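Below are two complexes that have subunit A in common, paired first with subunit B and then with subunit C.
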Partner chain A sequence: MLLLLPQAIVDGFLIGGIYVTIAIGFSLAYGVMHIIDFAVGEWIMLGAFLGFYLNIWTQWDPFFLLPFVFIVFAVIGFVFQPVIHRVLSGKKGNPLLMGLVFTFGLGLMFRGLGLTVFGFYSHSIPSALSANSFFLESGNFFVTIPVIRFAGLVYALSITIMLHYLLKKSDFGLAVRALSQNRDAAGLMGVNAKRTSSYVYGIYVGISAMSGVLIGCIFSISAQMGGDYTVFSFFVVVLAGMGYLSGVPWAAFLLGFVQSFFLIYFNPSYTLLAVFAILYVVLLVSPKGMFAKGV
Partner chain B sequence: MKHCLIAVLIFTLFTANPLLAEEARDFFKVGVITSLSGDLATGGNVTKRGYDLWANTLNAQGGIQIKDKKYTVKLFYADAQSEPSQGASAAERLATQEKVDFVLGPYSSGVTLAVAPVLEKYKIPMITGSAESPLIWKQKFFYTFGTVPPVNYTGATPIQTLAKMNPAPKTAVILGSNDAFSKATAEAFKDAAEKLGIKVLKFNIVPSGQDLTPFMSAVKVLQPDLVAFGGHDEELINLVKSLRQINYTPKALLMHYGVTEPAFIESLGKDAEQVFGASVWTTSVHAKSDMLWPDAAAYGKAAEEAFKVPADYTQAGSSTAGLAFQAALQKIEAVPPLSEANREALIKALEELEIQTFYGKLKFAKEGEYYHANVGITPLTIQIQNGKVVIVGPEKDAEAAAQYPLKPWGQR
Partner chain C sequence: MRHRNILWFASVLSILLILPLITDDAFFLRIITEAFMWIGLAMAWDVLAGYTGYLNFGHGVFFGIGAYTTAILMMRSEWSFPFALPAAGVVAGIVALFAGLPTLRLKGAYFAIATWALSRAVQQVALVLEITGGPDGMRLPPFLNPKFFYMLMLGIVTATFLLFWFLMERASFGLKVRAIREDESGAMALGLNPTKIKIQAFILSAVPTGILGGMYAYWITFIDPASVLGDLVTDQAVVMAVFGGLGTLFGPIIGAILIFLFKTYFWAYLADYQVLYLIILGLLIALSVVFMPNGLWGTLTGYIGARQALRKGLAVNPQAENETEKGDKTHE
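== the complex of A and B ==
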C-alpha cells in the first residue's frame, strides 16, 4: 500500500486546491466586513451556471471565460454590498447574527431561484483539460495527476498569490488591512470604509463565481450544489482562523490530505468523521484556528 | 347541565377530528409528498412529472369512473425538501389539514421510511412511485405500497447479464453512497456478484457527495473488471468524471438509478456511452394496457410532449402509482371523501390488484420480504448506446447486444 503514498499526497494537494478556491474569498470578506456569508455556496452555483451557459453560447473553453465571470460577479458583489452593510450596521440586535441570518436567507432565495430558472437537472461544463491526465512513474511508484485538477491547483495558488500581493504591496491592500484591524482608526486616516468594503465584497463574489466554473469542470453543477460548498468553506476558514487569509491554503490542504488518506488507506465511510474530528480537536486546542491568529 | 356539557364536549371532539369532519365533494384529494428541493430535487421533480401527467391525463378524460359518475383528482403537494423529517411533517399536514383521501408517495427510500409510519397512524393509503430500498417492505407497513420493485429484486439482473459476457468479469469493486437506497443497491450488486463467482475486491459505503477521485486511484491499482456504484444522479456523473480524469477504464461500469436520466447523457456526452444500469421500464418495453396510455411508447410520447424530455422508469412508476389507485377505487366503487372503512377496503383492493399497464404488469406482493412492493414486472439491464437507453438483458427482452468491454475513455 506504500505504492499509493505519492498518489495520496498528490490527491491531498489537488482536493486542497479546490478548497482554497472556495474559501479564500470567504475568509477575505470575513476579515474586512466581519460577515459570515452563508450564501458563498450560492455565489459559487451562480458563477458555475454563468460559465455553463457562456460555454454553450461561445463554445470557448471555460478557463478562457473565467475573467468575464469574475467581472460580472465582482460588479454584482460591488453593487450588492451596501445592502449587507446596512444589515451589519444596524443599531438594534447583534449585527453578526443579523448578517448570518441575512446571508442564510439570501442563500435560500438564490437556491430557489436557481431551481426555477436553471431547472433541477445536473450539468457539467466541458473543458479540453478534463480529458487528460499526467502519469508519472518511478520504479514501483506512480502518480496520476488529472490535468483539470492540476489546473485548479494552479488557479488556487495564483489567486492566493495575487491576493497576497494586493493586500501586502498596494495602497488598496493597506486600506483593507487597516479596515480589518480597526475600522474607526482607518476611517480617521482617510480610508473610505464603505467603498473599500464594496470592492472587497466584489472581489470575494467574483472569486467565488470563478471557483464555481472550475468546480463545474471537475465535478457537476446543479441549483442545489451550494450547501456542501458553504459548509466546506466555513470549515476551512474556521480551521485557518476566522479572517486569517494566510492560513487558508494550509487549512485547505490539511482537509485535502485528511480526505485523501482516509479514502485511500482507511475506511472511506469515516472520511467526513475524520474531517469533523480534526476540526473539533483543533478548535479545542486553539479556538482561534490552527495558527491562533483568527479573530 | 353536566350531561349537556359532556354531550357538547363529545360532539366537539368528534367534529374536531380531522378525519371525521369531511365534506362531500366530487373530486378525490390526493396528497403528494416528494422532494422538490434539496439534494434529491432531481428525482423528486421527476416523480412530480409522473404524478402530474397521470392527474392531468385522467382529468382530461373526466376523472375516475365510479358507477355512473366521474370524479376528478386534485393533487395537494408537500415538499419533503429531501429530508425524512420534513417528509414526516408534510405527511402530518396532509393528513390533518388537507384531509387527503390517499397519498402518492415520496421520492427516495429515506423519506418514505419516515413518511410511512405517519400515514399508518392516520390510516391513509400511500403508493410510492420511487422508493427502492428493501427496508421499506421489510417493515410491513399496512398502508404503504410501491410500484418500483425493491433493489434486491432488480439489482441482480445487470450482474447476471454481465456474467454472460465473454470473457466474463472476474473481479469487482462495489461501492454505495450512504443512504438507504444506495446502500441497498450496493449490497444487491455484491450479493449477486458473489453468487455468480465474481470476486469482490473492495466493498465500501461512502459519504454522499464525497469526491471519490483518491478512492478510484486506489481502485485503479487493483484493476477490477467491474466497477459498480449505487448512488444518485449527481454522484454517478461525478464518478464517471473521476474515472475519466484518472484515465481508468474498467471492463464494465455499472450504476443504478440516474443512468436513465437525460441529465446523465447530456452531462457526460461520449463518456456516458456503454455505462450499464438497472431499470424496470423504458419506452420500448412490451406492455399493453387499456388504462390512459395503450403502451409504453404512447406514455413516452405523452411525457415528451408534456415535459420536452424523455421519460424514465421513475416518472413511469409514479404515473403507475396513480393508475393503481384509480383501478382499486373503481373496484371498490368508493366515492370521495373516503371514510376509514373505504380506505381499508382500498388497501384490500390494492392487495388483490393485478392489472396490465403501460408500465407492465402491476401486482403487489401480499406477503414475504417484498410485502406491498410491485413484483409484477421484469427487471432489465440497460446500457447507454449512441446516446440512448437500450435494453441489453435479459435475453428475451434485449433490444441490442451489450457492448463489452468498455471502450477506453481516450478512444471515444
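== the complex of A and C ==
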C-alpha cells in the first residue's frame, strides 16, 4: 500500500493543475460579475467535444488545437455575457437569485444539447503525448509520470502565469481589479464595465473550454461529465474562499489529492462524497474558506 | 383566504375527490396522480427558493432519500407502508437539518453549491451501496390500486398545500422568511434568528418531498438511482416553480400542471427525442428568468391587478405590494 503513496501524491499534483486553471477563470468571473456560473461544467464539456471533433477532422494533436478552442469559446462567452448582465441587473426580483437560476437553466440546456448531439458514449481525445511516460525509481518506491499529465501541469502553470501577468501588469488587468473592488467607482474612473465584464466572461469560458480538451486527453469525455466538474470547480473556489485567488492552487491540489487517493486506495465512487464531506467541514469550521479570506 | 377563494378551493377539491368515483381509467388516474406529485415537489421547492430566497439545486436528493428510506424499511426491515411512509419524511428532514446547518449560515450561493454537491454525492453512493441494490435498484411489493394512490397523493399534496398556505400566508413564519429574503441583516436587526428560520424552512421543504418520494417508491414499485436520485427531479421542480412564479403558492401549481402536461405529451409522441426535453427545460428556465422574472402567475396577477387599478382610476396599483415585487433593491 505504501509503495503507491508517492504515485498518489504525484498524480494528485498533476491532476490538481488543471483544476487550478478552471477555478481561476471561475474566480475571475465571480470577482467581476458576481456571478456563480452553474454552467461551468457544461462549458468544459462543450469545449472537450469541440476538441474531440476538431481532432478527428484535422488529425492535429489536441495541444495544437487548444488556442483555437479558446478563441471559439471566448467569442461565444463574449457574445453571451450581455444576456447574463441583463439578468443580473434586472430590477425585478432578486437579481443574484435570478442569476443563479439562469445559469442553472443554461447548464441544463447545454447538457441536453450535448446529449442530443454527442450521444451518451464516452470518448477520449488521442494525443501523441499519451503514449509515453517518465519512470522514476528510488529504492522500493517508484513513480510513473505520463507525459500527457505532465504537459497538463505545464499548460496549467503557463495559463496561470499568463493570467497573473494580465491581471497585475496590464491596463486591462487594472480595470478588472478595479471593477471587482467597486463597480461604480471604476465606472467613474473611465472603466467600461460592460465591455470589460464581457472580456472577462469570454476569457473564463475560453479557459474552461480549453481545460475541457485537456481533461479529454487525460481522462475521458462524455456529455454527462459536466455536473461533476461543476462540483469540482465549486469545491476549489469555496475551499479557497470565494474571490480569493491566491488560495485557489492549494484547494485545487487538495482536490487532486483527494481524487487520486480515492482512486488508488478506496473506491472512486466515494470521491464526490469525500468532496462533499470536506466542503461540509470547511464551511462548518471556517465559512470563508481554508484561509478565511473569502467573502 | 377570502370567501371566494375558499369556494374555489372547495370546488376544485371536491371535483378531484369525485373524479376516481366516476372513472375507472387507470391511465388517466395515473397521469393525474403524477401531476399531484409534481405539484407537491414544486411547492416544496418554492418554499425555500421563492419565499426564503435560498436555491436548493439538490432538491431531488430528498425525494430519493424518501424513496429509498421507504423501500429499505419495507424490503429489508419488513415495515408496513403506513409506518415506512412517515419515516421517509423524518429521514429527509434529518438530512436537511444536517446539510443546512453549516451551509445556511452563509450567503445563498454557498447553499446552492452545497446542495448540488450533496445530491451528486448521494447519487454516486446509492450506486455502490449494498443496501440500496446499487445500479439495479430496488423492487417493492406491487400494490395495484390506482385509486388508493390517487387519494393518498391528493391527501398528501392537499395537506402540504394547506400547511404552506397557513405558514406562509397566514402565520408570522411567512413574514419572517420574507424578511430574510429581502434583507438578512435587517431581519437580524429586528431580532430574528435567520439561520434558525432558514433551517426550519429547509426542513419544511424537505419533509413533504421525502414523503412524496416514499409514495413514489411504493406506487411505481421500482426505484433506481437514475429515476429517483437523478437530476431530472430537481430540474423539473425548478422549471415548474420558476415558470409558474417564484414566491407564490399558486405559481408552482400552475407551472407544475403545465410543464407536466407538456412532458406527458412530449414523451408520448416524441419518445425518441427524450434528451431534447432537457434542452426545452433549460431554455424555459432561461427565458422565464429573462422575460418573465415573476413567472406566469406573478405576471398574470400583476397584469390583472394593474387593469383593475386602471378601472378604479387609482394611481397606485394595490397589488404592487404583492410578494413577487421586491422593489429595485440590489444586493451588491
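By definition in this document, the second predicted complex is superposed on the first by the 277 of 295 C-alpha atoms of A that agree within 3 Å, B and C clash if a C-alpha of one lies under 4 Å from a C-alpha of the other, contacts with A are read in each partner's own complex, and residues count from 1 in each chain.
Rule of thumb we're sticking to: a residue touches a chain if its C-beta (ideal position, glycine included) is under 8 Å from a C-beta of that chain, and two chains touch if they have at least 3 such contacts.
None of the values given here were measured: they were computed from a predicted structure.
Novice: Check subunit A with both subunit B and subunit C modelled on it and let me know: fit or clash.
Specialist: Overlaying the two structures gives a clash between subunit B and subunit C.
Novice: Considering only the touch criterion stated at the top, classify A:L272 as touching first (subunit B), second (subunit C), both, or neither.
Specialist: both
Novice: Under the stated touch criterion, which partner chain does A:L115 make contact with: subunit B (first), subunit C (second), both, or neither?
Specialist: Both partners, subunit B and subunit C.
Novice: Kindly classify A:P287 by the partners it touches after superposition: subunit B alone (first), subunit C alone (second), both, or neither?
Specialist: It touches subunit C, and subunit B stays clear.
Novice: Based on the superposed arrangement, let me know which partner A:M242 touches: subunit B (first), subunit C (second), both, or neither?
Specialist: second
Novice: Could you tell me if A:D228 is touching subunit B, subunit C, both of them or neither one (first, second, both, neither)?
Specialist: Once the two structures are laid over each other on A, A:D228 reaches both partners.
Novice: Please indicate which partner A:L5 is in contact with in the superposed arrangement: first for subunit B, second for subunit C, both, or neither.
Specialist: neither
Novice: Quick check on the superposed pair: does A:I15 touch subunit B, subunit C, both, or neither? Answer first, second, both or neither.
Specialist: first
Novice: Give one of first, second, both or neither to describe whether A:S130 is in contact with subunit B, with subunit C, with both, or with none.
Specialist: first
Novice: Just name the clashing stretch of subunit C against subunit B, choosing from 170-178, 188-196, 206-214 or 224-232.
Specialist: 224-232
Novice: Jot down the residues of subunit A that show up as touching in both complexes, subunit B in one and subunit C in the other.
Specialist: 111-112, 115, 227-228, 267, 269, 271-272
Novice: With touch defined as at the start, can you tell me which subunit A residues reach subunit C in the complex?
Specialist: 34, 36, 38, 83, 86-87, 89-98, 100-102, 104-113, 115-116, 183, 227-228, 230-231, 234-235, 238, 242, 267, 269-273, 275-276, 279-280, 283-284, 287
Novice: Residues of subunit B touching subunit A in their complex?
Specialist: 36-39, 41-42, 44-45, 175, 178, 204-207, 209-215, 217-218, 220-221, 233-234, 237-238, 241, 244-247, 261-263, 266-269, 409-410
Novice: Considering the complex alone, what residue numbers of subunit C touch subunit A?
Specialist: So the residues of subunit C touching subunit A come out as 49, 53, 55, 57, 99, 101-103, 105-106, 108-110, 112-114, 116-118, 120-125, 127-128, 181, 231, 235, 238-239, 242, 246, 273, 275-286, 288-290, 293-294, 324-326, 328-332.
Novice: Sort out for me which residues of subunit A touch subunit B in the complex.
Specialist: On the subunit A side, the touching residues are 3-4, 7-8, 11-12, 14-15, 18, 111-112, 115, 120-124, 126, 130-133, 135, 144, 146, 148-149, 218-220, 222-225, 227-228, 259-260, 263-264, 267-269, 271-272.
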